[in-house]
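Quick one: structure below, then a few questions.
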Amino acid sequence: MITNPNAYDLIIAILNAIGVYNIILGFFQDQGMEYVLRIIIVLVEVAVVVVFALVTVMFLSWLERKMFAVVQSRYGPMVTGPRGLFQPIADGIKLLGKEDIIPAKADRWIFTLAPFIVFVSVLLVFIPLPFGESLILSDLRVGLLYIIAISAITPVSILLAGWASNNKYSLMGAIRAVAQDISYTIPLAITAIAVVVFVGSLSTVDIVNAQQGYWFGFIPKWFIFLQPLGFILFLIACIAEMGRIPFDFQESEQELVAGFFTEYSGMKFAMFFLAEYAHLFAVSGIIVTIFLGGWTGPAIPLIPIQITSLIYFMIKTYAVIFFAMWLRDTVPRVRIDQLLHLGWKIMIPLALLNLLFAAFLVTFVVTAGVR
Amino acid sequence: MIGIIKGLIVTMKHILKIGNRKTVTVQYPYERMKVAPRFRGRHAVDEDACIGCGICETTCPNSTITIVKYGTRWFPEFNLGMCLFCGLCVDACPMNALKMTGDYELADYSRESLIYGPERILFKKEVSK
Amino acid sequence: METETLLLNMGPVHPSTHGVLRFKLRMDGEIIRDCQIVVGYLHRGTEKFGEMKTYLQFIPYTDRLDYIAAMPNNYAYVKAVEELAGIEVPQRAEYIRVLVMELNRVINHLVFMGSLLLDLGASTMIMYGFRERENALQLYESLCGARMTFNYIRPGGVREDLPDGFIPKLNEFIKDMEKRIVDYEELVNGNEIFLMRMKNIGVINAEEAINYGMTGPSMRGSGVDHDIRKLEPYSIYQDLDFKACMRREGDSYARYLVRVDEIRESLHILKQIVDKLPKGNTINQRYGFAPNTGAPSAVTSYFPRIFTPAEGEVYSRIEAPKGELGFFVASDGTTKPYRVKIRSPSFCNLVALPKMVLGLKIPDLIAAFGTIDIVLGDVDR
Amino acid sequence: MNSAEELKYLLPNSVVSVGVQTNKPQAVIRKEDFLKVAEKVKELGYDNLSVITGVDRVDRIEVIYNLFSYKKKQNLALKVVLDHRSPEVDSVTSIWKVADWLERETYDLVGVKFNGHPDLKRILLPEGWIGHPLRKDYDMNTEQFVTIGEDGEDIVSPDGSNLLRRK
Amino acid sequence: MDPVTIDTTKIRMTKRKPETALEKLEDTNLINTLLAAKDREGFILLTTIDQAMNWGRLSSLWPVTSGLACCAIEMMAVSMAHHDIARFGMEVFRASPRQADLMFVAGTVTKRMAPRVKQLYEMMSEPKWVISVGSCANTGGPYHESYCVLKGVDNIIPVDVYIPGCPPRPEAWLYGIIQLREKIKNEGYGAKWGLNK
């Protein structure tokens, strides 16, 4: 089986192109430590992704505040740096220097551990996310399953956080978060499977590759056109999964003060804050990958495909993020039982119907020669 | 779904600033709103007109005003930390000596500094010739 | 299945209690089994101040009762004093009074819409509401020098006449508001999530609403077609054309819609006043209390220092934006009232809340509570 | 015939006198018969209890009920005169639900005891506050402080040492 | 409403003591805050880090959502479109005191509310600041003769800035915030914890 190229291959290719790879490789081979080179390259990749995630989170928090402001006829952050661009940095510095409070009756270890689990689990989603042609940390053959599985860790850690805080609001927020995540992971998975039926592979790279090309010469072969219902279901499920308005029960401020992180302060709170925005980016990336053609787009001459694909991916992801923020500025929050009602009684049957429709399409239309 | 889309359109109109939906923020302190002439801010006492009669002191609902000696004459002293800014003292002044200015930048670091004695509120009316 | 109930204490500092109110809830999971309301965290003893201050000095205190719509408070107290002392008011002053009160009703309902939507989690509406409110506040500032605590209405008239350029600005505001209401309705009214949260929540029928002492728009949401402006027309309301807005459903959505309609109705009244505004004095010269204008030639006449209404008692009520606002004033013939009792709409409307929310969930409690539209300064006094 | 005179006609023994409260008819009721009169008044269609006011007249305490009928569009004020030392009157909570809080408030601030009220305790001031502020003999100079007890309820004490900050 | 624009280019990087609101705001921007390091005693590198920390703190003051009375409505007005507290990075009203840095005591502190306000203050994580807004919170204001109102919130918690007004205009409010920024700028790191006075 041919594996798709990933970022590791890309780095080696770049080193080769500059002509230094053999020298470095030779150096490590002389020492008999070829594996050290592999580790170094992997660490570089990880570092790039982590730095990218942090910068994105900072930018997103700024963007969200600006966006919020624009909708509401105001300016948003202005004083700190040009157009308030340094605002997230100031926030970060401040949160770094805040007192770290652990309530007396809290479960000390779990209370400390929970924010780290949330943050790490969100970062793990970045592994199989194709940012561009061969710009992927690792092309897992079970990529989609991996993403769904990893996102299921988040509610566990939220439950830990809510339970360990020994606060009634935290506990209720945590219980709500778990109920919500469980009921939305199922339609999420079923809709994703409908796409897998078309592709025949769980690998995210394969999913993107299957969306290259055009029907009739101008409609891109994105799954949103084959699966409009699936896309809407997936989008709703993703917003619920992220816990954003209209589904932000875990921290619904007017009801539960600050939900599961009511008792958190300082850096631990910052971890939740970072995880929230990193999650927003990751989930938007997944939506783009599955339904909006990933990094595909018309090629531009003279520019390497790695760069153009990255740009296409970013544009699409930010469009999805924009939509999520736009929706947040507009609608109120639904009630928790209405949310569960929507999840179990409407979305799951529709998702199953959508799966059936996909199977029908694959069997009778696609095999008949459209693809 | 239709209702939500309608709402989304309204917010999009604000994003794109269609119609009269522009940004309304006044960026204090870079720009300031005009303060209305009748605005009830910090007090000011006309040095020449005030006779220190104490009518403002009795009119004040909550004893913000005390009459103190300043130099050789008596003037009111305002504890702005306590003031209602209701303007009853201005209405009651028989000499038209008291007025309220448009000055609102009064925040300070201690409670004592909010007591505005005659040295901070006296002004001399410019005599027009 | 036997389940344990959870005691949840919401407030007094909680984002959605509109100030310092406390709910003691007994919860079965998310369902409210028992709701007790604890008030009094903002009790400032205003009624005692009524006895301690003179008639004139008490007017600023009334501003601080319902601080979102302070002008009706001013007016209700002054009206009681006027009835007690038998003071006549010039026609222009009456028109100006109604003008400022109706403008205040618009402001109050804008704040209501905003804070209700904020309670439901949508924070854009409150920005729009406060944006328009700010324009109205600028009108108030040019009129009486303050934004929220006006101290404007005096026994026998009003403190000052309208400033130059007030009416054109008001017209601009009315025109602007009429366009903006359409925006609000598109943003909020049809929104499915909003409907899901509001319909059939916190239902109370007409008979219960009256028995629980609800008044104002909260009561008219239950199908009781009563408005004190119509029942006992005071000031110049009998000359104006308006209707009491009413809905039959009795749920949160009906109470919300009544208020939206009332904004329209108030704008309609404002337009009529602008057309009809007569010329003349703004204060009864006998009791007049014209302020210092600074000009040396200005005729200053004073409210009599020793203003002593005859012995007696009066209960006078008006239709404030939140409901029936009444002042009971007892005089013993001295310069200070013997007793001032404030019948505040928020206090009485709040009695019905536990009745509305039993068996519902916390988010419903917040939604129903938001539609009653209370202000804690008014509840606790 | 105004509404107070109508009431006098219907219940001649219970109504002590008929008068006016500036521009509203007012009937003074014997305090023993008050609950009975209230029930009768409700039957007559006075469905809205606007306000309950307690007035401390130094030698006596008056409680004034302002009623309104949405059906007849009429006003009526009822007045009960109570003993200053132990002011007690029957509760009308069973007739008008709104009386629940209004009576609690009158109890809190004026100190009128309402017999038969389901939950007569202070409402605006914390439980344990000494004195009724709207009595004319209330001492305004005594400082009382509130602290929070273990169960989250208020505790009133004249000592504010664990609340006030040492400067 | 026609705002009066002020030319800001001339005031940047002034050496003299700031007096107007605009100068005070300019005095607390990143460059001026870092430059203040050389005026402080101690090793220059450490004081620079201190000042960077101070800059972070003064630029990102998150208030706790707690309104008490009339001033709370003006607090809402400050955060709304016309005045927009978000320009200072302060629109993040945290409902949980653990995550907040700043408490506005906006309104009358009654005797019954006082222990709760104190508790709320104690729940906030260091470093924390308090702005007392309006006459009621400053001294008891209109209600200072009342039987059930505390005569000034500084009787129970330390207050950094007092804003007079009843209620203060939003601009007065913003001026108070600028005064607080100025105060934080001149604080030593850990001054709140009593480490270096």
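Residue numbering begins at 1 within each chain, and the chains themselves are lettered A, B, C, D and E in the order written.
Rule of thumb we're sticking to: a residue touches a chain if its C-beta (ideal position, glycine included) is under 8 Å from a C-beta of that chain, and two chains touch if they have at least 3 such contacts.
The model shown is predicted, which means the values in this text are computed figures rather than measured ones.
**Q** When every step has to jump to a touching chain, what is the lowest number of steps that links subunit A to subunit D?
**A** Step count on the best path from subunit A to subunit D: 2.
**Q** What's the overlap between the neighbours of subunit A and those of subunit B?
**A** Touching subunit A as well as subunit B, we find C, E.
**Q** Using the touch definition from the top, what's the fewest steps needed to get from subunit D to subunit E?
**A** Tracing touching chains, the least step count from subunit D to subunit E comes to 1.
**Q** Quick check for the class: compute each chain's Cα centroid; which one is farthest from the centroid of subunit B?
**A** With centres defined by C-alpha atoms, farthest from subunit B sits A.
**Q** Please flag the chain sitting at the greatest distance from subunit C, going by CA centroids.
**A** Farthest chain from subunit C, going by C-alpha centroids: A.
**Q** With chain centres taken as the means of their Cα atoms, state the distance from subunit B to subunit E in Å.
**A** 20
**Q** Let me have the rounded angstrom distance from the C-alpha centre of subunit C over to the C-alpha centre of subunit E, please.
**A** The answer is 31 Å.
**Q** Mind checking the centre-to-centre distance between subunit A and subunit E? Centres are C-alpha means, answer in whole Å.
**A** 37
**Q** With chain centres taken as the means of their Cα atoms, state the distance from subunit A to subunit C in Å.
**A** 47
**Q** If a residue has to touch 2 or more other chains to count, which residues of subunit C qualify?
**A** 14-15, 40, 43, 45, 48, 60-61, 124, 127-128, 131, 134, 138, 149, 187, 191, 193-194
**Q** If a residue has to touch 2 or more other chains to count, which residues of subunit E qualify?
**A** Where subunit E meets two or more other chains at a single residue, that happens at 1, 25, 80-82, 84, 87, 95, 112, 116, 142-143, 145, 147-148, 154, 166, 169.
**Q** Could you tell me which residues belong to subunit A and also touch two or more other chains?
**A** 71-75, 78, 253, 257, 329-331, in rising order.
**Q** Taking the top-of-page definition of touch, could you list the pairs of chains it picks out?
**A** All touching pairs, sorted by chain label, are A-B, A-C, A-E, B-C, B-E, C-D, C-E, D-E.
**Q** Looking at the complex, which residues from subunit C come into contact with subunit D?
**A** Per the stated touch rule, the residues are 9, 39-40, 43, 45, 47-48, 51, 83-84, 208, 210-213, 215, 224, 226, 231, 312-317, 324, 326, 328, 330, 338-339, 341, 343, 347-348, 350-352, 355, 380-381.
**Q** Which residues of subunit B touch subunit E in the complex?
**A** Going by the criterion above, the answer is residues 23-34, 61-62, 79-86, 104-111, 114.
**Q** If we count contacts the way the header does, which residues on subunit A are in touch with subunit B in the complex?
**A** 67, 70-75, 78, 326-327, 329-331
**Q** State the interface residues of subunit A toward subunit E in the complex, per the touch definition above.
**A** Contacts found on subunit A: 65, 69, 72-81, 84, 86-87, 89-94, 96-101, 253, 257-258, 261-266, 269.
**Q** Which bits of subunit D are touching subunit C when the two form their complex?
**A** That would be residues 21-24, 47-51, 53, 55-56, 64, 66, 70, 73, 77, 96-98, 100-102, 105, 109, 122-126, 133-134, 152 of subunit D.
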